[in-house]
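Structures given as structure tokens follow.
First chain A sits with chain B, and in the next complex the same chain sits with chain C.
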Partner chain A sequence: MMYKIRTERLPELFALAAADKALYLPVEQGGQVEFRPWSEGAAVRFDALNTVRSAKDLFFPQTENLVAFRTEGKKISIIENADTGAPFGLMGVRSCDAKSFEILDRVFLAEPADTYYKARRENGTVVTLACHEPEETCFCAALGIDAAESADGDAASWIRDGWFYLKPVTAKGEASVETVRPLLTECDGADDAAVEAEKKDIGAVIGQLPFSKLDLSRFRGENMLEIFNDPRWKELSAACLGCGTCTYVCPTCQCYDIKDFKTGDGIQRFRTWDSCMYSDFTKMSAGQPRLTQVERFRQRFMHKLVYYPMNNDGLYSCVGCGRCLRKCPISMNIVKVAKTLGGEQNDEQ
Partner chain B sequence: MSNNEALIPKLGVVTDIRMDTPDVKTFRVNAPEGGKLFEHMPGQCAMVSIPGVGEAMFSITSSPTNKEYMEFSIKKCGCLTEWLHQIEVGQQICVRGPYGRPFPVETEFRGKDLLFVAGGIGLAPLRSVINYVRYYRENYGKVDIVYGSRSAADLVDYREIIDEWCAEKDFGVHLTIDREQEGWDGHVGFVPNYVKELNFPTNKVAIICGPPIMIKFTLAGLQELGFDKTQVYTTMELKMKCGIGKCGRCNIGSKYVCKDGPVFRCDELDELPNEY
Partner chain C sequence: MQEIFGRIKKRAAELFADGTVTRMVGWQKGESDYDKTPAVFGPDMKGFVYDGFCGANLSKYLINLSKVEGRTLVLLKPCDSYSFNQLLTEHRIDRDKVYAIGIDCNGKLDINKIRALGVKGIRSVAEEGDEVVLDTVYGSKRVKRSEVLLDRCYCCKGKDHVAGDEFILAEKRVDTTTTDRFELVKKLEAMTPDERYEFWRGELSRCIRCNACRNVCPACSCVKCVFDNPALGTDSKANSDTFEENMFHIIRAFHVAGRCTDCGECSRVCPQHIPLHLLNRKFIRDIDELYGEYQAGAEVGQRGPLTDFAKNDAEPGATPDKGGKK
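Coming up: the complex of A and B.
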């Protein structure tokens, strides 16, 4: 069953949904749209395509506490103090970000599962939102992701002609929709037709986007050594600053560090995002396997396009969200890498 | 093993510290209530940390057949290890593990003649296997150990080698040091050359551990003797954080050393990018 509500009444829906649990959605603040908890008067921007940071923060936050220690002479006490939070809702998630959760799941939920990530995944209800106006930097289609209707998430939504359409797809989604049910109207055949028309329009835009037909076919396990040894990594990485921006904005980047922080009365061990673009990432007192930015740059793209798929049934660790295209200060990105080293069809584009 | 167990350490107590060489100490670790913190298999590693100082991966050098305690042989080479070299018996430390794929002691090694080749601190992971093999002596054939170091003083576990390994039935122990030294009447020369000189028959499984350059030349030497890469095992060392294939740090190509290694058969490494 699909439901609808007038878009001008959405604040009522947010208020009701946020009554018993936190509701995160794209909110503009200081000129930047990010997933933020809803509060009265929040500038919700369902029209803004992609948040600067991805939605992965909700499940895999940039920093989180793991455990604390107290030391006294030769004695140490271990105090578990991780906080995986409470149930929450997440609305306005684009198909690309929704797909990134599956990519992260395959890492964090594989045995031994990451219990912090797992708890947040269980706590979160994800409502996806179809992309009314995909941008030039979007290439989700090349990764087999449908911007018009997400295959992931607990409920799907569309906005067309002043209506917000909401369709639960999992039991968790059903339960969430139930909490706002009093505000919703059941859809009829005309509404189904409107949503179908919306999907068709989105499909047409996607078809026109410059990178929708990006050919990734050469990125396969059997070509690993050939691609790894390709001399063109040098020119591709020549201008890379090693700033790590691409990894921080990327919804599928999963690397982390574990560090200790002296709090004054003890030690807090926390985990924090890390980046393969940094020299410190692999540097040991015994040596450094990735001596220059060429090797670090290559690692990022080899991981996304070759290594990850080798370990995950051919699934690429990129969802085509375009964040790295928009944010890299030297305008280097995965599309340029794919065009240079990917399949032959890219030459014709 | 849940992540709580995987990332949250257990509390251990250092119950003995042995000075092995000028820069290697062997630490005996027990659970606070006595006994071992966890079981492991030869070749597996554990994350050892001092809160506020650091955490790093070390090979468990004791054999799993030791039911009383675990041991780590640690070379002084950085912040954490320098700290560890200063601690005294009774110090509590944090340990989590075990991590990684062990040596195939119950499969590929069973019933075979074994050749262990180690350089310096590289003996640490092999000691676990060697003592395992001694414990289950009837399950393995002849054992040869080629072990070398810079000088006689740098040979780790020297007393155990002389008093126990040399006395073991069907054990050939071949020690070497890099340069002539007063009071040393054993072999002098680099490990890879010594391995070639000893001209071992090829009906063995070889296990090499040591500095990357030593591994490389020893492997080449064994191949000259007619060994195939499928008969040779080694261990890899990369920077690690999680130990469970999730933090993304320790990969060689599509393999994570913490989870798919640290033990690799040399032909497996051929299929991976040369980035280690």
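Coming up: the complex of A and C.
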């Protein structure tokens, strides 16, 4: 069953949904849109396509406490202070970000499961939102992701002509929709037609985007060494600043570091996102295994396009969200890498 | 710019041909018209471009390029030439390894400002006189160039270069300055400490500690940054609390004080659009007031007010009786 509500009444829906649990939405602050907890008067931006940071933050936050240690004399006590939170809702998630959860699940939920991540995944209900106006940096289509209707998430939504359409997909989604049910109207055949028309329009735009037909087929296991040894990594990475922007805005980057912060009378152990672009990434007693920026840069793309799919039934660790295209200070990104190393079939694109 | 680009390309080809230079650092055409990547070119200059989207300051690349065989041709916009001088003053670039051409600039475009006007799905961008013409999947649009320039271009230090072996300039120079660069600093100074704290917390709380601001900054040229020291507990990636976000930026601003040329790269690259340049400009304004007007990078070999010592130096804070104004 699909439901609908006028878009101008969405604040009522947010208020009701946020009554008993936190509700995260794309909210604008200081000109930038990020997933933030809803509060009265929040500037919700369902029209903004991609948030700066992706929705992965809600499940795999940039920093989180794992455990603390406290010393008193010779006594060490362990303090459990991880915060894996309470049930929460997440609305306005685009198909690309929704797909990224599957990519992260395969890493964090593989046995032995990461309990912190797992708890948040179980706590979260994801409502996806179809992309009314995809942008030129979007290339979800090249990764088999449908911007018009997400195959992931607990409920799907669309906005067209002043109506917000909501369709639960999973049992969790059903339960969430039930909590706002009093505000919703059941859809009829005309509404189904409106949503179908919206999907068709989105599909037509996607077809016109410049990278929708990007061909990644050369990136597979049997070409691993050939791609790894390609001399062109050098020119591709020549201007790279070695900052962490591309990795920190990426919904599928999953590397982290565990660090100890000295608190004076003990230690706070925390987890923090890591970036393969950084000089101390996977640093061991013998040093950093990737000594130059060429090697670090190569690692990022080899991981996304070759290593990860080799271990995960050919699934690429990129969802085509285009964040790295928009945010890299020197305008280097996965599309340029894929076009350069991906074979001649990409020359005409 | 088309005409300037042609002249640069022609001159670069001559410099390659007569052996003056072995490589050139410039901007390379990317996947779309607004997408320009700094790149090192050989004599074929494949993909080389120069237009309104070539905002990136190339001078910092010369630190590494100074260490390789042969001489590098660098293209410097007027503001880039200050960074170049500052790096020379700090002995980070080997002048003999560089051939610098100062090139014309009529203000650089900011794709984010264009997008903020509601432009989506860009197919092509063309500069036509003082307009920018956009073709998108959702229709076309024309915007005034003067509405979509990088912030720094509205407070341009002037269209004259302070460094260069030769210059390629337009006959008619376009002045893009419209604003006093200290306007916002003055606003911040007029706030109460609480208001100012709120302002900076609001801005800095968006920081993701990606380090793009640091890594792009020509004044941040330490071989190993203190924030890259894993033993410190606050290294680059550890965005562990709000204190850190603040301290990282305050420490960085202090470290570049007196050396920052106000090139605006930090704010240009910040994925979160944090107005980092305002921290630096506050320092510049204080330095101007306390030690007399000073522009980092104006000349090679300048003695910076904070790294030089004079008996009558102002001592702000502790001993205002010695001339400190505050």
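We adopt the following convention: the second predicted complex is superposed on the first by the 340 of 349 C-alpha atoms of A that agree within 3 Å, B and C clash if a C-alpha of one lies under 4 Å from a C-alpha of the other, contacts with A are read in each partner's own complex, and residues count from 1 in each chain.
Everything below uses one rule, namely that a residue touches a chain if its C-beta (ideal position, glycine included) is under 8 Å from a C-beta of that chain, and two chains touch if they have at least 3 such contacts.
For clarity, every value in this text was computed on a predicted model and none was experimentally measured.
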_Going by the contact rule set out at the top, does A:V205 touch chain B (first), chain C (second), both, or neither?_
second
_With both complexes superposed on chain A, which partner does A:F88 reach: first (chain B), second (chain C), both or neither?_
neither
*asked:* So in the superposed three-chain picture, is A:F46 touching just chain B, just chain C, both, or none of them (first/second/both/neither)?
replied: neither
*Does the superposition put A:K262 against chain B (first), chain C (second), both, or neither?*
both
_In the overlaid three-chain picture, which partner chain does A:R290 touch, first (chain B) or second (chain C), both, or neither?_
first
*Does the superposition put A:Q29 against chain B (first), chain C (second), both, or neither?*
second
_With both complexes overlaid on chain A, does A:T272 touch chain B (first), chain C (second), both or neither?_
second
*asked:* Quick check on the superposed pair: does A:P134 touch chain B, chain C, both, or neither? Answer first, second, both or neither.
replied: second
*Name the residues of chain A shared by its contacts with chain B and its contacts with chain C.*
257, 260, 262, 274, 283
*Within the complex, which stretch of chain A touches chain B?*
66-67, 69, 71, 74-78, 80, 107-108, 110-116, 118, 221, 224-225, 228-229, 254-258, 260, 262, 267, 269, 271, 274, 276, 281-287, 289-290, 295, 299, 302-303, 306-307, 310-311
*Contacting residues of chain A [partner chain C, same complex]*: 29-32, 34, 49, 52-53, 62-63, 133-136, 205, 208-211, 235, 238-239, 241-245, 248-249, 257, 259-262, 270, 272-275, 278-280, 283, 325, 327, 329-332, 335-336, 339
_Residue numbers on chain B that touch chain A, as the complex places them_ = 1-9, 11, 51-55, 77-78, 81, 87-88, 90-94, 212, 237-239, 241-242, 244-249, 251, 253-254, 271, 273, 275-276
_Applying the document's contact rule, which stretches of chain C touch chain A when the two form their complex?_
30-32, 35-40, 56, 61, 116, 120-123, 136-138, 202-203, 206, 208-212, 214-216, 228, 230, 233, 235-241, 268-269, 271-273
